[in-house]
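What follows is a set of structures to go through.
Common to both upcoming complexes is subunit A, partnered first by subunit B, then by subunit C.
Right, the complex of A and B next:
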């Protein structure tokens, strides 16, 4: 079993090779831009003219498209239907029988969908092109405690194993005749014989993994080193504060200008 | 290399001491095997030698343990790592979960100890080769078989060059193929010497051939201590649930049938059995 919660798509690309903090900063800028940019079209322009070409450059366009559609489409559909139909007042633009779509509602839905596309697109591009462990190293090198980053990164790899364990326990209990299908009461009754071994087993797993980590010097005091080398360049070192300033400028613009 | 002085220990939730007045000395380079039935105190002794008792499990601890020159009771776990290595039975739970390749997994301990990268690269490659994982360095640790994962766990500890290596039933959760792979690695560890090894293992035939010394534990106390033949052929040790090797069993059956034909200490290895029962 090699599955992981991580969406990281290993490819050879310039975007993949960027320093994790550069990608994190640009994702942050994307999130701020998605929320702060005015009107409808700027967000669609950012999405179509920047994020989609970037995904293509990173060779992750199909993965990017899949994730964005999966997340954004249900939001977009419900926004257009609900806001379009139930906008109070407003100018009807399309009428289907007793139902009428209001221009103001559709405008609001389009604006919000644009925001979702840019916010989700920026985050998706970041997670598709950034290895979680490399992000952990980058954050450690910036002084974030290893304990904190370890929890984040290990969860990505260990949660699917936890799910597999839950399924194995479920199968084992079914093999012993436990009824897990049926009505609400039946399902609740089945919960206990599954959850108790799962919780107890997980406590043992956590204890053993803590011992394994300690045996590998996890709590050793003193400077740490890194097996992996994260390449950083002068341009990226300049780009990161510039992007942060850009994010601040967008926030200022959203509050005071537009 | 290891000095244990009157060690008594009880887990916080236990009903009584798991170890009672244990005293032993293990010289440098010795390959010591611990045997005993369930609850005999083998794993607890492993944890005591590696510092997890008392630092991780707390509980009532009296006596003194010195391993690789460190007074274990007064040394932080982080400082013992790299000096005393511990491998236990579940290979899956020894994978950190934070690394995406075998190489990075092996390097994890060295990163924590602050080993320079150039040195780390050499040591990681050596450890991977030593564990027979050459060619798997870029694979995900989760994509390995159980036997490979256990060898990875051993490589991840050995790469830190511990002076004492403790292996607590490293094959008990593996299938026959995985067990064989790990035993082949243990074979080379025992042949090459180097670290002082303490091994808990149920496969007595293997211990009989490879261990320098065997200690049998029973209810937290040392029941027998000596060379493999002296301990594993003992009827008392067998009675206490340790069992005996197939060669000892065969020789014992033969002796029962032909009491006048053979005498002396029962054999524990194939060679000894051949000599014992031979013409």
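Right, the complex of A and C next:
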């Protein structure tokens, strides 16, 4: 059920074998840590000493590195340039012609880049090592209604198909003489002849899907059985509440201590 | 409250993932056509808000951002409250009959959503990403910062500019889509009264 466009990377690793909720909890802990930790160095330490080794253990280090760099680099560049140069009332450190880099701006850029690395890194590591359908089953078992998880699973399956359809419609319209390069207005006008057929075409099967779901007892109340079995160990069952407490402690620390 | 629960029929539950997929497909389309300023990634959200009510719209928005995360764009994930509010507003505007007057829907709906979106996303952007977007619109951020605006203000102003254009376009596309849909299909949605022309 995974597609080439979804981020999940199937590997044989201990991290992959962990229960999905354990990974979700640790991702949440990572996000909270990225936001709550003070200063510059703690976030970089968490990233280099915790997230990167975990990615290596999960054998997804190349994918991890690629995604994180692709996301963090534009922000880092913008941060250092914009906040470094235009920090209001800052102390200049490096001069470049009429402008100068301010120390406070550079410090802010370094701190925020560290935060981005940890927050996005945690989410990315979670997505790389968690099978979406297993996550949905785990959530179902904890009480999240089936309708919610159906929606996400269905969306994940539909997205690559829709993108392929959008490309196909784009090519078809181009073959009919649609101009898609050139000026701004030109390209805007190219949008409607592609988006309208895409949406209308996909809405046709909305009716059929709802009939199919009804025929499978979708809106029927009551428990349903699952084909997949998820493995949960006692250590993980203890680790999850501990991680939640850790997240709360970080938040308390961020508000009251530092 | 009961009205909101009745909004979630089977067709609503089927429409939501389709809307999420529409959001992502159009977002990618805009990206590959290299159109600046526009994102067009909330067309599905607004559509569901209009046809299935505010709560369904809010859910579509929030889940869309998580779906982006699953597809390799974790940067979207923290903004899910903004997307939820966009869906909520679309549902409210539909409920108030704004769709029936095209100018009210496209400009009233679009611009109010833009302002709300800019107000809500500025603090998230300022806190998590230091007020920059990592894309071409950072030129605006730089200009506002050079003019003395705080990080929060610069982020809000940048958001206001881009969102105004983008959300009006979103609402316009939704209007065009609903106009093109057959009545037989529209009549099955819980909020059909929002769009029927009597």
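As a working rule, the second predicted complex is superposed on the first by the 217 of 258 C-alpha atoms of A that agree within 3 Å, B and C clash if a C-alpha of one lies under 4 Å from a C-alpha of the other, contacts with A are read in each partner's own complex, and residues count from 1 in each chain.
Keep this in mind: a contact is a pair of C-beta atoms (placed from the backbone, for glycine too) under 8 Å apart; a residue touches a chain by one contact, two chains touch by 3 or more.
Everything numeric here is computed off the predicted structure, so don't read it as measured data.
Visitor: When the two structures are laid over each other on chain A, which of subunit B and subunit C touches more residues of subunit A?
Guide: C
Visitor: Examine A:96 and indicate which partner it touches, taking first as subunit B and second as subunit C; both and neither are also allowed.
Guide: After superposition on chain A, A:96 lies in contact with neither partner.
Visitor: Touching A:154, do we find subunit B (first), subunit C (second), both, or neither?
Guide: Both subunit B and subunit C are touched by A:154.
Visitor: For A:188, is the partner it touches subunit B (first), subunit C (second), both, or none of the two (neither)?
Guide: Only subunit C is touched by A:188; subunit B is not.
Visitor: Contact-wise, after the overlay, does A:120 reach subunit B, subunit C, both or neither (first, second, both, neither)?
Guide: second
Visitor: Contact-wise, after the overlay, does A:210 reach subunit B, subunit C, both or neither (first, second, both, neither)?
Guide: The answer is both, since A:210 touches subunit B and subunit C.
Visitor: Check whether A:218 is in contact with subunit B, with subunit C, with both or with neither, and answer first, second, both or neither.
Guide: both
Visitor: Tell me the contact category for A:231 with respect to subunit B and subunit C: first, second, both or neither.
Guide: A:231: touches no partner chain.
Visitor: For subunit A, which residues lie in the overlap of the subunit B contacts and the subunit C contacts?
Guide: Residues 150, 154, 158, 161, 209-210, 213-214, 218-219, which sit in both footprints.
Visitor: Touching residues of subunit C toward subunit A in the complex: what are they?
Guide: 8, 10-11, 13-18, 20-22, 24-26, 28-30, 32-36, 38, 40, 43, 47, 59, 63-64, 66-67, 69-75, 77-78, 127-135, 138, 141-142, 145-146, 148, 150-151, 173, 176-177, 180-181, 185, 188
Visitor: Once bound in the complex, which stretches of subunit A touch subunit B?
Guide: Residues 1-2, 4, 131, 133, 136, 150, 153-154, 157-158, 161, 205, 208-229 of subunit A touch subunit B in their complex.
Visitor: Help me check something: in the complex, which residues belonging to subunit B touch subunit A?
Guide: Answer in residue numbers: 50, 52, 56, 76-79, 81-82, 85-88, 90, 92-100, 103-104, 107-117, 120-121, 124, 140, 142-143, 153, 156-157, 160.
Visitor: Quick check on the complex: what are the subunit A residues that touch subunit C?
Guide: The contact residues of subunit A facing subunit C are 5-8, 35, 67, 71, 74-75, 77-79, 81-83, 85-88, 108-109, 112, 115-116, 119-120, 123-124, 127, 132, 147-148, 150-152, 154-156, 158-159, 161-163, 165-166, 170, 180, 184, 187-188, 190-192, 194-196, 198-200, 202-203, 206-207, 209-210, 213-214, 218-219.
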